[in-house]
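Structures given as structure tokens follow.
The two complexes that follow have chain A in common; it is paired with chain B in the first and with chain C in the second.
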Partner chain A sequence: MSSSINTACRSPKVSLCWIGAVLLSLAAVSMAQDIELRVPSGAVAGQPASISTTGGGSATFYLEGPSIALKRDVQLGQDIQLSAREIEGAGRYVATICASNCSSSVFFVAAGKPSTLTFLVHPSRAPVGQPDMISGVAFPFDEFENLIFTPETVQFQISSKESKLASHSVETQNGVAWFRTSSGKSAGAVQVAASLNDVQARRVVQQVASDPCRLQIKAQRTPKGVEVQTDPVRDCAGNPVPDGTIVTFTAKNGDQISTVDAPIKQDVARARITAKGTIVISAASGVVMGNEIRVGGQ
Partner chain B sequence: MKRALPIVIVLVAVTVLLIFLGATFGRSSGTVGIASGSALPGFSEHASTPEQALSNFLQDVQRRNWDRAFASVERTSEAVNKLDFIQEWTGTNGGLRSFSSLEKYEARPLHATNSEAQMRVRMQWTTPVGPVEDVRDFQLAHRGDEWKVVWNQTPPPNVPAQIVPVNYLRWDLVSGTSNDQWGSHNVDSPHVRIVSMNAIDSAEGTVVMGEVVNEDTVPAFVNVNSTLVDASGNPIDDESSFDKILHILLPKQVSPYRIDFPNASLAKVKNVRMDVKATLVPASSDPVIGIMNQKLEQDAQGRSVLHGEILNQTGETVNIPHVIASFYDNNGKVIWVSDGYVQQALLPQSSQPFAVEVPKSVAGKVQNFHVVVNQYSLQKS
Partner chain C sequence: MMRIQIAIVCVTLALAVGNLKAADTSPQVTLNVTKAAPRTVELLTQRALLRDYKFAWANLAQALESNSMESLNGLFAGTANTWLKGKVSTQRLSGLSSRYSNQSHKVDAVFYAPEGDVIELHDTAEYDYQVLDGSKSIHSEHAVVHYVVLMTPGADRWVVRQLQAVQHF
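Take a look at the complex of A and B:
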């Protein structure tokens, strides 16, 4: 076309000819821009949507999104139907249509209704009576595993077998809701639940005894040595310290030392010390010291 | 072929001559009064001196020639039988000695008269955990025209048949199935903390040591790593505590650790990065081992040694006990960590002696110590 214009415009009426060519070009451009895409404004993931077009004739439609890229032949002037499956992923989509020229438009697909709650709770074992010990984070997702960014209210509940211990309502921000709370006074399992509408997720936190509170020991001399044992070992809230916790018994006899790392079994730690003569026995567990007792020689 | 034959004859003749010279005069070049394990296999000289008697005996032990070794000793008690004698040298019950062999020895006279002598032998054993040195004193007696080793070792105590009641306590680890929802069955790693760290310059290089505690309510498999960093922030070297730590820590249990950086000078170190790794493992609280009669003393060679006895208070055999001791100054700071393997297995309800050395530079500052025992049991491995 441009070559024919060049040939035609070698005539004397050059200026008129060029003006005509420019007008023709502008007309062609305006014809191409007539293809207009009207993208959906409130598309939701997993729900069908349509894109309307203008103009006439056949064209090629392209869709590029978070989890899709498709190409389809379409008729201009008709609506382009997007199936639920084609827009399952929430996020930014680019719709492009090409005939003699291309035109594109951007639209966003929002996440659908909450379907699952991913719920992380830390720690899995929490010593009792500790401030800000237990924390939980909930992420609401729709059925297509899209994180829901619109604010939603998540209800956090902490309960033991006997009673409901605490409850917090938290609105999500940028798709996240979280809480932090102190651990309770009693050892044992507590259930931490997060719920959003009819969606619920539950986790279990084991509340365990804290450090021993008063470590009391008693000893008795036997033919095999000195049998030493603790009273039932409990934390300051009265919870029995878990079995397996090490209690270190130390017996001093002048400059000789005997030690035994004995585990608590059924609330009591026991050990045998073979030191002879008068000995002074003490006990410790972690950073906690117990009483001292003196055992005379045979 | 014809040319080669004379060369072979000459080589054989020279070899025989050198063997003869070595056997006859080789010993004379050593230090007077020191016997060492270098005799020819198959030869035993007449024990006309205490050194010779001991040397013959130790060579028989080295070659595991038990008939001749047992026949050559003078027993002080008929209760010592040949099996006890052999087990004293070869070990039993899967103890470290069972996997060891006597590599070399060096004997020095301590005291000698015409009728008796006392010799101190420093024996070097090769073991799966590295070379182990054992120092032992031998009595020798002049009987007739020869010297004899007096075997005064008491036989190992027999463990009587018995029932040891055990409240069995162990932790099993159940892994979640792979199709669980993310985050639904998270079990945290044990909470383990380094409670002290001290870096010093020693003769072998830089040593980083301290203590680590399991603050959790479950057992932890623990490893401590350390990185030395220079002034420009570049790592010089990184090492782990390897076997100088109690790897499985029960709740509230404290273990010393020591990390050696051979050939690294502390003067070049600007910073030390510590990293403790703890993982959940199945574990058992047994056996319980007591460390009895610990005392820091100087041994016969003038070295500072912490010695005592380990006592197995349960019904399970510990095949290879490993003693780790931390030493503190008057401020409670860990100033050294020593370790040592006990060569004999620790049988149920029985005890074994142990000794770990403290360097001279540290010994004077030691105010207190803490000993733990690692347990290697063949049944568990």
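Take a look at the complex of A and C:
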């Protein structure tokens, strides 16, 4: 183009010719800069949207999003359709259109309606009667796994087979809702549920007996030694302490001390102590001490 | 003549230094944990988060520039990993690549779960962003982007599970 202008402008009316050429160039530049993209202002993830363009002729359209990059030929002046699949990811998108030059525009896609709740509950086994023992955290996501950042109200509910134990209504802040609560008084499975509209997530926490509350032992001398056993071992709320919990029996005979560890089996721990003479027997489990009993010699 | 030669050398050096600076992909990250609740962030956790989030961005930039997932080193999981894979594969398919340079991230921890199994970060990221079609630059900008980030602890590192840009926090 520049060579043709040079040739043409060797005519006597040089200045007029150059002015014309400059004006033409300016017009071309202005046409090239005229491409305008009108991007969607309230796009929602997974919903089709369109981008309008100005000008005419063919161009190349590019879209860069959180999970996608695409390139396609388009006609300027026509709307560019974005399919639901192309804008599934919530976040920032850069739309670019290139003809003789490129122009870009940025738009945001917001998350859709709640579809799932990611629900984390701790612990899976909780001793009864403990303050702030159970906690839960819920993140609402739409069907394309976009975090929903706008405030939503999540209902947390803790219930056993028999009754509803606790309920908390919490509004999400920064896309998260959480609660913390004390464990109940009875051992057994409790269901912890988080719900948001018709979306629900459930977890089960096994409430187990806490530490033994008191230990009561009894002993009897037999030909093989002293048979010692506890009464049924329970926590302070009356729940039977789980099988396998260790009870330590200690026998003192003057300066001699011997100990036997016995697991609780069906609420009771049993042991045989083979000491001779008069002995004093005591029991302990965790931080709980039992009574002392004196057993005379044979 | 000598002066011209010296000028050419100076200009060449200046351009080389400029290129080196532009190619800098090591992100600058600052992490503020004072707003984190309900659990406070322990010092060691803070260090690990800072290290792994910085690596994650360096790896993300490398993956999107080279269109290869090999550089990710397991620092992305779940949705963040799926999205990144999707972007890398569609970029490769379209002959595109993107470049994040001169990254600076101001990160605030806003939620740290009671049991320490998830943390939410708000990252105000600034970087020079360039999109290339082959070797031709089709878009370039200095971007300021707000990211909501969810990270969870793995065996030996914190991994990014969600990396979602929002218009504002």
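Here are some notes:
Throughout what follows, the second predicted complex is superposed on the first by the 269 of 298 C-alpha atoms of A that agree within 3 Å, B and C clash if a C-alpha of one lies under 4 Å from a C-alpha of the other, contacts with A are read in each partner's own complex, and residues count from 1 in each chain.
Here is the rule we go by: a contact is a pair of C-beta atoms (placed from the backbone, for glycine too) under 8 Å apart; a residue touches a chain by one contact, two chains touch by 3 or more.
From a predicted model like this one, the values you see are computed outputs, not experimental measurements.
By the touch criterion stated above, A:G244 is placed in contact with chain B alone, chain C being left untouched. When both complexes are overlaid on chain A, the residue A:C102 reaches chain C alone and has no touch with chain B. In the superposition on chain A, contact of A:V94 is made with chain C only, not with chain B. Once the two complexes are laid over each other on the shared chain, residue contacts for A:E64 go to chain C alone; chain B is not touched. Of the two partner chains, chain B and chain C are each touched by A:L120.
By the touch criterion stated above, A:A138 is placed in contact with neither chain B nor chain C. Chain A residues in contact with chain B (one complex) as well as with chain C (other complex) are 120, 122-123. Interface of chain C with chain A (complex): residues 38, 78-79, 82-84, 86-87, 90-91, 94-96, 98, 110-111, 113-115, 117-118, 120, 122, 129, 131, 133, 138-139, 141, 145, 148, 150, 162-167, 169.
Residues 118-125, 201, 203, 208-209, 211, 242-248, 255-263, 265-266, 271-275, 285-286 of chain A are the ones touching chain B in the complex.
Listing the residues of chain B that touch chain A in their complex gives 167, 169, 171, 181-184, 186-188, 191, 213, 215-219, 250-254, 285, 288-296, 308-309, 311, 313, 351, 369-372. On the chain A side of its complex with chain C, the touching residues are 60, 62, 64-71, 89-92, 94, 96, 98, 102, 104, 108, 120, 122-123, 135, 137, 139, 145-147, 149, 173-176, 178, 180.
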